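Across the two complexes that follow, chain A remains constant while its partner is chain B and subsequently chain C.
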Partner chain A sequence: MNDTIHFFSGFRPADMVFLAEAAWRTLLVYGVSIFLGTVIGTICGWLLFEGRLLAAATLSPVLDIFRSVPLIIQLVLFYNFAPIVGLNLDPFASGVVILTVYTAALVANVARGGIEAVGRPMRRAARSLGMSYWQDLRYVVLPIGGRAVFPAWVGVALGVMKDSALVSVLGYVELLKASQILITRTQEPFLILSLAGAFYFALSYPISRYAAKLQQRWAQ
Partner chain B sequence: MIEIRDLHKKFGALHVLKGIDLEVQKGEVLSVIGASGSGKSTLLYCINGLEPIHQGRVVVDGTDVHAKGTDVNKLRQKLGMVFQQWNSFPHLTVLENVALAPRIVRGLSMAEARDVAAKQLGHVGLGDKLNSYPNALSGGQQQRLAIARALAMEPDYMLFDEATSALDPELVGEVLDTMRLLAEEGMTMICVTHEMGFARDVSDRVAFFHQGTMEEIGPPAQIFGDAQSEHTRRFLANVR
Partner chain C sequence: MFDYNFHWRPVLKSLPDLIEAGMVTLQVAVLAMACGIVIGLGLALIRLHMRGPLRWFASAWVELARNTPALFQLFFFGFGLGAFGWHLSPYTIVLAGLTFNCAGYLAENFRGGFQAVPDTQIRAARSLGMTSVQTYLRIVIPQVLRIVYHPITNQMVWAVLMSSLGMMVGFRELSGETQFFASRSFRIFEYFAVTAVIYYAIVKIILGASRLMALRLFRY
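Right after this comes the complex of A and B.
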């Protein structure tokens, strides 16, 4: 009697491809979310700065909720309750929506800090040259304030990269979900998690290196 | 001509300017002196519309600065301003600092704006610093950069708000020399200053401000030699 059913099998080269595809999906959900979240967060930060009382009374509490409630809860709630209001989104779209809002909530305060960092005298100097409000914002506040808060933004970006693993709870097969699938099949958690960690590192490291280089260049 | 009539300005309950009447003719150099908090700097901010006013009028070459519908951005191109802090744009080179506004506000091409900038930087003695960044310049050089930046808009008037107050004593001279040069070239200037030597030697008229009012105005010889107001005499006795 040699008929044995094998539930488990070892790690195969094809699994590397599976992990790489999952890493690409992580990059996709992360890239879209960080881009949209940064744009929306910057607008929110500007509103917080300019809107003052009105923004503080309306926008601030909303952003506080998204910043404070654990991301995994936001993801599960949104994914399960969105269909009730007629939003039938797949796991990727749901992940992007929540990660974008979460990123925007974090970036809003960073952006407000950046605008505040420029200071009134600098802005008055720009306006005294005949620049309009928007020219001052585009050519003076954005580059100067942006550089001031760039390290904080990089921190947010790297944090969201790791947080994007939570999208796996929706069934989106990104890096963490792919690792779980492979661990179940191969029973080699140490190897698989090490590989997944290496992929996360490979995605994050270029960002932090490039950011460090940019800061070095600006400091000169 | 700059014409100011019954100008009032308040910051909350603080009445900073209490009915200022003043005319500054083309080509004139007016120095404004007085103790801190007397409203001198606020006067400049009201002239170029950086601060709204509560009453009165400020008219520059026939245009009411604070009237509804006035294109204040366009008007400010006529009114160059140099502040106590130089406020150089740290992310731009010296040349780019000066070329930015001519390019985006006056609509010059990049090459034209850079030509204008290089010319003005040469004018204030920074022709050898075009590609430096502001943080490599001394305070005096940065203030001259601020002057060149304002001049690049080819203004008809220059407003100086204590342009030397934030400088180390040994750097004051180079900025005052630049201001003297502009005065000799016929630029219309309103200079809020604590430099009494400059006010006496360079100005056509000197105005003394005291607690939001223009207490006295006249030629330097009158203000420094035969002041009519007790406040003026006391102020000058203290600063000498």
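Right after this comes the complex of A and C.
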């Protein structure tokens, strides 16, 4: 066995830097998408609530498509569709666009649930106190409804974080793609995958525990 | 700006193959769900009633499944186990990965379901002379199933969507098959568009079937 030629080199400290950079890129694509997706999703949720029949006939089937087609297919589709209409997007931009839309589709339902969670009488009361429609949304619906669906939103946000790994299919070198590259070179799949998994776990686990605690406290 | 010619003919020609691959997707998702429900039920019961190493094992399973990306889990079953000389076939990788993931998510749903059944009912059943197994089979589980029916349906949809990750480990289910055809003809957009439609149809069929079953199951 010692006579075999070694094409592969072991895991070096410099590879940790490579992984850390990839982890940063994961956070970047995720952070941008979750922020934009939440904003757009909240607006969509408000439209779904106020639009009634019109929104049910137009917006919700569109959002439904993004929830019923695998994210990986959406990514490949969009990445290959953009050049057709003359957009030349790099993997990062394509990933952000699709993750944003995907997040928005998920957040829209959460946001609508939040608005519905605020009772009609409370909103009428706000309006009779002389608040404008927007004041009512800002000072009554947002704090009360937002609190009601905050755990659901955290669930969506954590889900999208895990799904952001799929951007690697476009060639964006995020954490999982980077670990795949390293595995090919070092032939140490267990160690490297454990590092990648530990990163996701360290990010996701505390947040999910914290959200569960908050939910429990608010439920009392 | 729009000088792309769509070629749908090669896609239509391989449509039967794609639909067959869709059946593989459905099959692996159903199998993973079936195993996931059984294991998830076990994990939930262990986490509710036991102490010691078995409980740590169940908790570790649930938290790992819920806090790391599904793609990571597939890679782990694919490459990670390779480090120990376990080389699984792509089908086994996807089935194992999906089962691991579904079992983790379902375990939390089941746990919530079990906690929703009041303790007094169990005590009442026991004092009527039922054994603890009888109590579980006749009193607790039927109610839990009703509570977790909707989450199980959701998880089934997720299982179908997640099986698309098989593409990344070389499994020829719907996505993998599509990628195979697409890379042969370079009609990437067309192929993936049709695949997206097939996924959408599968998801809608599952949701419709679940609604019909609910009508039949929960008549009383």
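One rule holds for everything that comes next: the second predicted complex is superposed on the first by the 199 of 220 C-alpha atoms of A that agree within 3 Å, B and C clash if a C-alpha of one lies under 4 Å from a C-alpha of the other, contacts with A are read in each partner's own complex, and residues count from 1 in each chain.
As a convention for this text, contacts are C-beta pairs under 8 Å (C-beta built on N, C-alpha and C of every residue); 3 or more make two chains touch, one makes a residue touch a chain.
Since the structure is predicted, the reported quantities are computational estimates derived from the model, not experimental observations.
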item: Joint occupancy of chain A by chain B and chain C, clash or fit; value: fit
item: Geometry of the superposed three-chain model: angle at chain A (Cα centres of chain B and chain C, steps of 10 degrees); value: 100
item: First, second, both or neither for A:205, with chain B first and chain C second; value: second
item: Chain B versus chain C as contact partner of A:128, first or second or both or neither; value: first
item: Partner chain(s) touched by A:76 [first = chain B, second = chain C, both, neither]; value: second
item: A:143 touches, of chain B and chain C: first, second, both or neither?; value: first
item: Which of chain B and chain C A:88 touches, first, second, both or neither; value: neither
item: First, second, both or neither for A:166, with chain B first and chain C second; value: second
item: Partner chain in contact with A:197 - chain B first, chain C second, else both or neither; value: second
item: Which superposed partner A:183 touches (first chain B, second chain C, both, neither); value: second
item: Chain C versus chain B, contacts on chain A by residue; value: C
item: Lowest C-alpha to C-alpha distance for chain C against chain B (Å); value: 25
item: Doubly contacted chain A residues - partners chain C and chain B; value: none
item: Touching residues (chain side chain A, partner chain C) in the complex; value: 65, 68-74, 76-77, 80-81, 84-86, 158, 162-166, 168-169, 176, 179-180, 183, 188-190, 193-194, 196-197, 200-201, 204-205, 208
item: In the complex, chain C residues that touch chain A; value: 1-2, 4, 63-64, 66-72, 75-76, 79-80, 82-84, 157, 161-162, 164-165, 167-168, 175, 188-189, 192-193, 195-196, 199-200, 203-204
item: Contact set on chain A toward chain B in their complex; value: 121-122, 124-132, 135, 139-140, 143-144, 147, 218, 220
item: Interface residues, chain B side, partner chain A - complex; value: 45, 48, 50, 73-74, 76-77, 79-81, 83, 85, 87, 89-91, 100-101, 104-106, 133, 146, 149-150, 153
